[in-house]
Each structure stands twice: as structure tokens, then as C-alpha cells.
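Down below are the structures I want you to see.
Two complexes, one shared chain (subunit A), two partners (subunit B, subunit C).
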Partner chain A sequence: MTVPSATVVPDERASARRGRRAGGQPAGGSRTAGYFFVAFYVVLLLALGIAPTVYAFALALSTPGGLGFAHFINTFNFFDFAPAFEHILEFEGIWLVSQTILVVILALMVHTLVRRVSSAFRFVFYLPGAMAGAASVVVWLFMFDPHTSPWAFVLHGFHYRLLANTVAPGNLPVIFAIMAFFTGAGGWIVIMYGALNNIPRELIEAAEIDGSNAFQTALRIKLPLIRKWIVYMLVLSFAAGSQLFVEPQILGVATVGEISPQWSPNQLAYYLAFQLDRFNDAAAISVDLLVIGLLVAVLLVWRGRLFEVD
Partner chain B sequence: MFHTVSSSNAPKLGRTRGRRCRTALITGVVLAIAGGAVALVGVASAGAKAAAKPLVVWIDTSRVAYQKAYMKANPHANIKWVIYNGNANGTGVLQSKFALWNRTGWPSNAPDVMFDTQNYDAVQLGTPPYNDLLNLKSYVPKSVLNNFAKGSLSACTTPTGQVICLRNDSAAAVLWVNPGLYSQFFGSAPVPTTWQGILADGQALNTAHPGYLVGDVGDAFDEDYYLWGNECPLNQVVGKGTIAINPNSSNCTGIAKAIDASGDMGKSLSQTSVFGSSFNPNKVVMMVGPLWYGTAVFQTGATGGVPNGTMVAYPPPAAINGAHVTGALGGGLWLVSKHTSNPKAAAAFAQYMATSPKIQKVGVDAGLPQYVPDENSYLSSLSSVFANPSTTEAAWKTAASEVWTGWSPVPWSTDAVWGSTALSTLTASPPGSFAAQLLPYAQALANQARLAGFTVKSPVSAVANGS
Partner chain C sequence: MLARRYVFRLIAMVVLLAFAAFFVVPMIWLLLAPTKTDYQVIHASPFAFGSLSQFGSTFHKVITYQGDLMLTWLKNSAIYAFGGTALALLAAIPAGYGLALTQFIGRRALLGITLVVMIMPATALVLPLFLEASAVHLIGTVWSVILPFAFFPFGVYLAYIYFSSTIPKDLLAAARIDGASEWGVFRHVALPLARPIVALIAFFAFVADWNNYYLPFVMTYDNSQYPVTVGLQVLISSSQVFTPTATGSASVEIFRPDLAMATLIAILPVLIIFMFAQRTLVTGMLAGATKE
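After this line comes the complex of A and B, so read on.
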């Protein structure tokens, strides 16, 4: 008899209709689940993001005579404050420019490949990203030491015979840029590839019908349409790069002091707090880094029109 | 309708009821297990609290031999041994922990006694803003303190006279010689007693026997021999919070110019770190280094190292100005925390470790015990490791009493500053000038001093006023 099945189905359909009638609730879920998940994130954001930031501001602004900018002025006059920021800006300049150019070119090239070949390449590009911070430094220590590196002939070409030669202070921005590129580029190539996949196929086909070759398609069609993603990459990379800490710190320990423990601003803040017990000055430097990151982010978002909807 | 609704709902209800029952059952079981686990942990910790709180001792890996010796002599001791990096190489582990705990409160598992490999730490940690070390003057008898080698407790004495650590061993620099190689290259000529003599021997080796070494410039701590050992005033605390830094002193320029003039850098003065993988201890004809180089660098008796009974320690070379002084590198300290819940036991433990012959004769890896009554039994244990034990013993004792006290323990690492200013130039090929490193080094030291709140006195205006 079809009676049981006929009576089961209408009930289910009825409950589905009931669900939809209750004010646009997503089928199979409820609004409360959404709030629950977001609440979880908000709690973590408050506890681990907002609260420490407020604490840092409080530390940085509290001077013996009440609220003031004394700590900011003091740290600005430290002998290693300006060099630390110079180091970071040099590193960021080299790294961001090279990363943007190479990531975009590689993503565009990978996008033109056959799917299976493309995914194999994307996997290979992504692999170095599996080594986070400290692990990648250890690998690079081997790469930079002419005695252990498989690329020793390249290092000998530069007349480097010892690790101490490779990580001479003048080379550090380039070295950290190389390390940061290899660990970060793969992830961004995957993201750019996803952004390129969002471009409607009709656009590309229309361009090809109009006689555009692969290079022109990439330059005129694809590149402008992933502009927002490039801006996104720049915002996040700038912020992460300005806070460089693990690489110079570990490299300094590994070379037994050849890299100054105050090379980057974050290292300077750490040194002030945990070697000299000067938490207020360290907080001032942290606030400096935060403000710089925010300013650059605002600039890029505004000029890059990141939040505009086409 | 009624019949069909019930017949259609029944299986669903039945399923739902069954699912709810199962959910309730699973939840109940999980809660029971969690509750039981919490109860067990509570019982266990209560049981542990019932036992006395152990003494928490932090040591580095080289002191594990001490731990074994201690537990052998005191099998029922209630001690919790924790291995950390010994605060080595300026990593500042103790500083960062103390800074944190001073703000958040000292936890119950904070160390009571610590072994610190950095000589300059004690005064920094025992004076404001840290102020975290126990004054051992009230716990260790004066007679014991007086039995430490002359000058060895200077790194443990604060400007106000508190004794905030006990010296474990001396790491004075001696002249290590490989007599076999020496007599092969220099015949029966006496071992050099001056820096000029060492550098001249190096010049002879450069051409006649390239690849053989008379010293090393590839490490960040080399200024502890060349500059400290020549009374160079780059790190001299002259008053409370005042430091004298003079790179133009002839004590500094003398040795620097001698090294440059000899042309040995990159040849018989190796540019590789003595701990580097490519450093071959069997190529060392002579080398100025601390007492513990015997085992750590020359790896006496180990694979790839020099064979047992090869190296001999000779007295360190006299300074260029003729003074019989030497530098030092290392020599650990026993620190006792001020926040310990049992200061008497902690201080007694530190005293035992620094003075007991059961501890101080263990292992050749450490330097010469600074507690003078322990020195002889320690030295007699070396006879199988080094050749000519009587010369070696005499050299060690001489060196330990000759350490120049004008290179002061300060809250920053002079080694790290040398590493970041001079090392890359000295290890370049061709190597840069040693003398040209003095001014940048002095300026960097002055900057660190000002950062730590010191006043810098210097006849060189670039150093005194900051660049």
C-alpha cells in the first residue's frame, strides 16, 4: 500500500513549509546556531584581541605623572628605534614588491594550465608554507650555511664561506624576504587562483573571440578583476611583516649573537619588556606598530576600493 | 487521518524517543567519567600537597652529572630537577621569567635555586628593577665565603655589598698547547708567553704549514680573550651606574694592531666558530681559551677530537702592556631566588653544590672549582685527560687567580654586542681590520649601557655622547 509513504512525505513537506514560514530560517538550522558560533568568536576576540590591546594602550600611556606620551617620546629617542624601523621598512619593501609580482605572475600562469597539471603545481607551491616560522628558520639555516647547503655553489659565487658571511647585517632584509616569500607565497597563489576562478568564463571567452592572446587576457581582463585580492594580500602581508620576530630572533640565537637582538621593532619591544623589565616602553613600541599597520591598511582599503561592490 | 498521523508519527516518535534516550545515556556517562576524573585529580593533588613541597632546582644539561652525583649522595632528597638552557648566550630566559612573575606573582613551581651560565646575570637580577635574588651573606658562613678564590665572587657582589650568588667554577683563559704538534713545527723552542709570541708563531705557520691554527676570531666571545685579557677598558664599571668605555686606550689598540699586522686572520687565526662543524681540533697547535675548552672544544678522547692525553694548558700570555692578567669566558653561578618558601634549605643546597667535593669533582666539562679546598681533588681527576698534569694544574690555578677584574659584569652581553658589530667583518674574506672594529664596538656598548640606565664616561666623544 502506498498509504504509509504517502502520509510520511506530506508530513515532511509540511514541516519544511513550517520551517520556511517561520521567517526565513535556513532549512535544517536556526538563527541561534549562527549567533552561537559568532558569540564564541566574539568572546575570543575580546579576551585575546581587544583586552590585550587596551592593556597595551594603558601601559603605553600611563606615565608617573598621569596619562602622557612620555614613553613614546623616550622610545623614539632610543639609539636602536630608528634602525629597527629602517630594517623593517627595507625588508617590507623588498618582500612585498617581489611577493606581489611573483605571486600574481605565478597565479596567472597556473590558471592557464590544464586542471590536473595546475593542481599539481599549486600543491608544490603550497608545500613550503607547511613549515611555519621557527621550522622554516631551521631549514634555512642549513640553506644559508655554505658547509651544509645544497646550493653551496651559489653562496660560493658570492664569496660566502661561512654562515656568518651569508647573514652579514647588510644582507638581512634580503634574507628575511627570501624566507618570508617561500613560506607565504604558496598560500597566496592558491587564494589568487580561487579569485581567478571567480571570473566568469564568458568574459574570458569573449576576450579570446575578440582576438586577445593569453598574455593580453591576463593583463587586461584577469588582473583588474583580482585587484581587490591583491590589495587584501598587501594589507595582511604588511601587517605580518611589520611584526617580524621569529626569524631574526632564532637566527640571532643560532649565530650566537651575530644578529642584534634589537634588529626588528618587535624584538626591541620584547627586549625592553623581558630583559630590561620596561613594560611601558615596550607597550609604546607595540602601539606604534599597531598604528602603522592600521594606517597602511586604511590607506590600501580606501585607495584599493576593497569594500566596494561592483 | 488520525490513524495515519499516529501511524506515521509513531516510527518518528519512536526513533526520536530512542535517540533522546541514547543522548541522555551518553551525556550521563560522559559526565560521570568527567566527574570521576576531577575527583581523582583532586585526590591526587591533595595527596601530593600532603607531602612536603620539593625544592625546585633549574640546571642546564651540562650539570646533569651534578644531579646524578647529588642524588647518589642524598638518595632521599626531595628535589624537583628541571633542565633549561642555562640562560646561555644571552637568551635571557631568567630575565623574561622574572619580569613576568614580578608582575603576575611568583608561582609555586618557580625555581628556588638556579644554575646560570652567564656571569653578568647575577648583578642584574639581584638589583632593582628585578631584585629577585636572596642575599646569601646571612645564610652562608663567612668562613665558607672566604674560601672562594680571590676575585671569584666579584660577579656575585652587588654595589651595596650583598652576595647574591655562589661561583661554581672558573673559566679563566689559559694557553692550550698541543705539544706534539708544537715540537713538530717549532722544535724545542719554549712555548710563547706573550701575545706577540703567539702571533709570530702564527705567521710562521701561515707559510710553512697552512691550515694549522694558533687561535680563532670566528666567535662572538673572542673579545673575552683578546680585549679582556689585555686590560682593554671597554666594560669597566667605575662607580654606581657609571661605566668607562675607551676604545682609544693603548691596551685596546695594542692587541688590535698586533693582530692586524700579523696577517694571521683567515689563516692561522681561524674564522670558523670553534663550535662549528668544520672546525678541526686536531689542527690546533695552540689556542687561548678557557679551562673547559679542554673537553668541549678539543673533545679530548671523543671521536673526531684530540686523543686522550694530548693537550696541555700553559699559563695565559701576558698582556701587551706586560700585565699578568687574563680574560674569562663562562663559569656558572648558583642563584637562589628571594621568593623561595624555604630560604634556609635553598641556600644550603646552593652552598652544597658550589662547595661539596662530591659535586665539584664530577666531570671535566666544568672549569676549575672556585671553592679553593675542592681544587686539588678536582685537578687530580684530570690526569688521564690532559698531558703533563702538573703543568696543566699549575696553569689553571695561575689563570684562575689572574682574571682581570676590570671587565665588569653588566646587564647586557658584551659577547652579543661583539657578535653583532664586529663578527661579520672579521669573518669576511678577506677579513676586515680588527682595529677598525674597536670604535663601532665601543659605540654599541655605550648605547646598550645608556639603554640600561648607565652613564657612559669616555674620552671619545662619539662614544660618550652617542651617535
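After this line comes the complex of A and C, so read on.
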């Protein structure tokens, strides 16, 4: 899983500055110039964003008798459909809860340090983001193998003697959660740290003068003020987590038959399309995943008011 | 009170160091594994250093695996990532400028759609994109990977925020009064001021493209086209470590140090970029969010 592309959060000060400088309204330039500047992007948006979405819906809904939900019903009845979504839900549950708690705690702790030390920790936390995806899975294959792992003493504590013991099917949601945390948490810690820095210093000083200790200040002042970034992280991570593919795919190759090649919905869609030649059914699963992503996106953009749109 | 504060700080430091170990240990292991033989990787301490000569011979073995397969994968990754990033910048910078500093019908709608597609995970679109690329006979060409990479709405949003919050309107108006065309205003006034955001968008686009696995996995169909991310999977499936029946390339066996070396080579370009971008990443990633 990659560091979420939306790791740069909208800046509240930016809107204030824009309000001062630009009067809150874009201006200048002729209408024609506006069309000219966005033209190439609009072509890409239509061809690579809108068209495939429409195509997926069309394929998923087209049946020999016209439009219908036959392909959705087909996939729903497919024996790997429910387990694939259950796996994802289980993984998301473990990952989102642990990531939220740990990222918030670590960001709060990092925020109490002097700048130089805090900067070093943030860099160390962020660095694994460089190996998101396939590289991270390969490294974690060795971390989960009791023969090679620096954490072998922990694995032995669970009576794991072989890689196959560690990556047993029941452990996979936890394993994928650890991998996702490894590559993604650092980015979020940096974001939370940035959000914490946006809290006016006077507010924290006032709380301290009133006798609030570091723990109370974190719990009662800082946490409520970064709540919307926590929601932002949760929602975005949920959408990204529903798309799991590379982790079970490579782990499946490495363990040869131990992990179902249809472990996640994306893998199932891939299997239906390229192994069974059932592209319409695969499109139906893509639509399921698209709808999850769309709902999350619309929720964030219009209800969450997290993004600047003037 | 003071004692309690010190206890809190001590606990915080212990927790932070424990998590730093969690993040760093796998990377240290990755650096050290190629210095050892396969036997040493299993039997020596995970943090033991083997030898530089072993590191060199492992590097040579990986880089010459099946002729120049690793170099082919790296070249493909570079073509996909640089091509995708270049096109993403060509689209995103003018679009962000247009959305932020010009007025046209549909501007707000375009901005709204951009935000929605930016948040939607791109992976969900991979199969429909495959079908679309297949319909226009692009499968197996570099364009089947580069073009989807070029569509980078997050970059448009970043450019929009930057232009709308950083470029003073008066400056643009003055350039227009001086007779500059709309293109001239963008090219000679706005663009030179946009270097930081161009770098930031390039960074995010390149890292995302280089690390992408699923899209090229679907769009390409043989070793000569795979990027290094998919190549890593090929190496795993060829390795006797995980697949005892694997034959690899008949004569060359892939062991643990080789896989570690291949992974190290695969992440090296992004790792170097991370190192150089360190200051921006940990402090400037959030505009206005530095602890000054």
C-alpha cells in the first residue's frame, strides 16, 4: 500500500492568505484562457477518469436482455466473493484502529520534543514510505520468517518456526495491517504533526498556566483540535485499504498455494477477468469498489468541508 | 510535578525509540543481507555484516540475472515513472493555475470532480482502464502505463492551492497592463514562482509511479515490459527459497541475499529522492505547518 497520495492536507492558513490577497475569488484572465489552461487535464480526466468509470458501469450493468444486475448477482453468489470482502473488513478493522491510535499517540509525543530531535524521528517514521508496495512485501517476507527475522524472538514467542506458520491464513489481516502501518503511518504522523503545529501556541500556554500537565493538554486541547484530520486519515485509509492487491498477491506467490489468489476483492476481480474471462463480472466488482471509493470521496469533499474549493 | 513531567518524557522517549526500531530495523536488515551468503543470512545475527566482496558479487549476480533483465526492469520503471510524471506536470501545473486564477464556466464543477477523483483510490479503475486500453490497442505499449500515470488529480489540487494562495493577483494584473498575453503571464510570471510546487508534485507523482505495481502488472505481459516492482515478483517466483520447485533461469539460483539486493536496487531511486527531500518532507510538506 502506498502512502496516500493525498498526504498533503489542505492548509487552513492558505485560505486565510488567499482571502487577503485574492479576495477569495479567482480573477483575471479571459474565459478562453481558462479553458486553454485546463484543456489537457480535462482530456486526461475524461479519457482516464470518467470514461473508464462509465465503461465499468456499462459492462457491469449490461446483460444479454438489456440492463440489469445479473453480473452483480453472479459475483455476489461466487464462492470467493463474501470471504474476499470479509478479509478486507477484518484487515481494515485491525489496521484502521491500530493506525489511528498509534499515529495520534506518536504524533503527540513527537510534538513535545525539541525541533531537531522531533525532525529526526519524523524522518525515521516517514522513510519506509519510500518502499511502499512490492519492495515492502519482500522485506516483510523476511521479517515474518523466523529463520531470517530480527524479530525471531517475538515470532518464537508465538511458536512460529516457519514462514508458513507466521503467514497462516488467520494471521493475514494482522500481517497486512503491519505492512500497511510500516509504509503509511509515517506520512500520517507528519500530517498530524503539522496539524498540531497549527494550534495557536497561546492556547497551549494558557492551558499550562492553568495547571494542565502534558497528558491533559494533549487529551483536552490538542486532540479535539486535530479531530478532523483524524477523520480525514480514517476515511482515506478505509478507501485505500479496500483496494488491497499487491500484498496478498506477492505473499501468495511466495507461499505457493497457502493464500487464496482471490483473497481480496481486487484479486478476485483480476481472477475473474484474466483467469475465467468473465470481464462483466470483474467489472461488477470494480464497480462495487468504485462505489465505496466514490461514497467516501463525496462524503469528504461535500460533507467534511476539508478541502478548499474557494 | 517536575518528577512526573520527567517520567512522562522518559516514557514518551522509550515509546518513540521502540517505534523508531520498528521502522528502521527492516531497512537495516535490507542493507546488511546482501553482504552475507544465504547460509549467513539464516545462521548469523540479522545485524551481522558479511563482507563488501560478498555485497559486490551479489550485486553482480542480480544485475546480470538472465542477461540484463534487472536493468531492463529498471529502465522500464524509469520510462513509466519519468514519462508519467512529465505528463502529469504538463497537465497539472497549467490546470491548477487555470482553476485558481482564471474564471470560466464549469470551473467549480471541475474542481469538485477533481477532488472526488483525487480521493477515489486509483486501483479501482485499473480493470476498466485495461479494457479501455485494450479497445484502443494500447496493451503492451508504454502508453498503457504512462497515460494512466499522467492523470494525477492530486497534483492539480496541489497546484490549485499553491497558485490561489501564493501568487498575488496584483502581480498578474500588472503583467497584463504591461501587455503580456495570458500565456505570457503564466509562462513568465506565475511559472517561475511555482518552482516549489512543481518539485512537490513531481516528487509525489514519481514516487507513486515508481512504486506502482497493479497497473503495470495488468497492462504489461512479459519480462521485457515489466517495471522493477513486477520484476520483484518474478524473482520471488523464480527463487528456490520460496518455491522449492522453481527452476529460475535454469543456471542461476535466486537466494535470500539476491532478493534483498534486488529490493534494495528497486527502491534506490526513491530512497535517494527521499533523502534529498528530507527537509521538505518532514517540515514543508504541510504549507504553513512548520514549527517556527
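In the analysis below, the second predicted complex is superposed on the first by the 249 of 310 C-alpha atoms of A that agree within 3 Å, B and C clash if a C-alpha of one lies under 4 Å from a C-alpha of the other, contacts with A are read in each partner's own complex, and residues count from 1 in each chain.
Here, a contact is a pair of C-beta atoms (placed from the backbone, for glycine too) under 8 Å apart; a residue touches a chain by one contact, two chains touch by 3 or more.
What you are looking at is a predicted structure, and each value in this text was computed from that prediction instead of being measured.
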item	value
Which of subunit B and subunit C A:L162 touches, first, second, both or neither	first
First, second, both or neither for A:P261, with subunit B first and subunit C second	first
Which of subunit B and subunit C A:L300 touches, first, second, both or neither	second
Which of subunit B and subunit C A:S212 touches, first, second, both or neither	neither
Which of subunit B and subunit C A:T63 touches, first, second, both or neither	neither
Partner chain(s) touched by A:N74 [first = subunit B, second = subunit C, both, neither]	neither
Contacts of A:T100 with subunit B and subunit C, given as first, second, both or neither	neither
Which superposed partner A:Q275 touches (first subunit B, second subunit C, both, neither)	first
Partner chain in contact with A:H147 - subunit B first, subunit C second, else both or neither	both
Per-residue contact with subunit A, leading partner among subunit C and subunit B	C
Residues of subunit A at both interfaces, subunit B in one complex, subunit C in the other	3, 7-8, 11, 147-148, 253, 255-256, 273-274, 279
Residues of subunit C defined as touching subunit A within the complex	1, 4-5, 8-9, 12, 15-16, 19-20, 22-27, 29-30, 33, 41-42, 46-47, 87, 90-92, 94-95, 97-105, 107-108, 110-121, 123-132, 147-148, 150-151, 153-154, 156-158, 161, 164-166, 168-169, 172-173, 176, 182-183, 185-186, 200, 204, 207-208, 211-214, 217-218, 229-230, 232-233, 236-237, 242-243, 256, 259-260, 262-263, 266-267, 270-271, 273-274, 278, 281-283, 285-291
Contact footprint of subunit A on subunit B as seen in their complex	4-5, 7-9, 89-92, 95-96, 98-100, 102-103, 129-130, 218-221, 271-273, 276-278, 411, 413, 415-420, 423-424, 427-429, 447, 450-452, 466-467
Residue ranges of subunit A touching subunit B (in the complex, touch as defined)	3-4, 7-8, 11, 78-80, 147-148, 159, 161-162, 164-165, 167-169, 252-253, 255-261, 273-277, 279
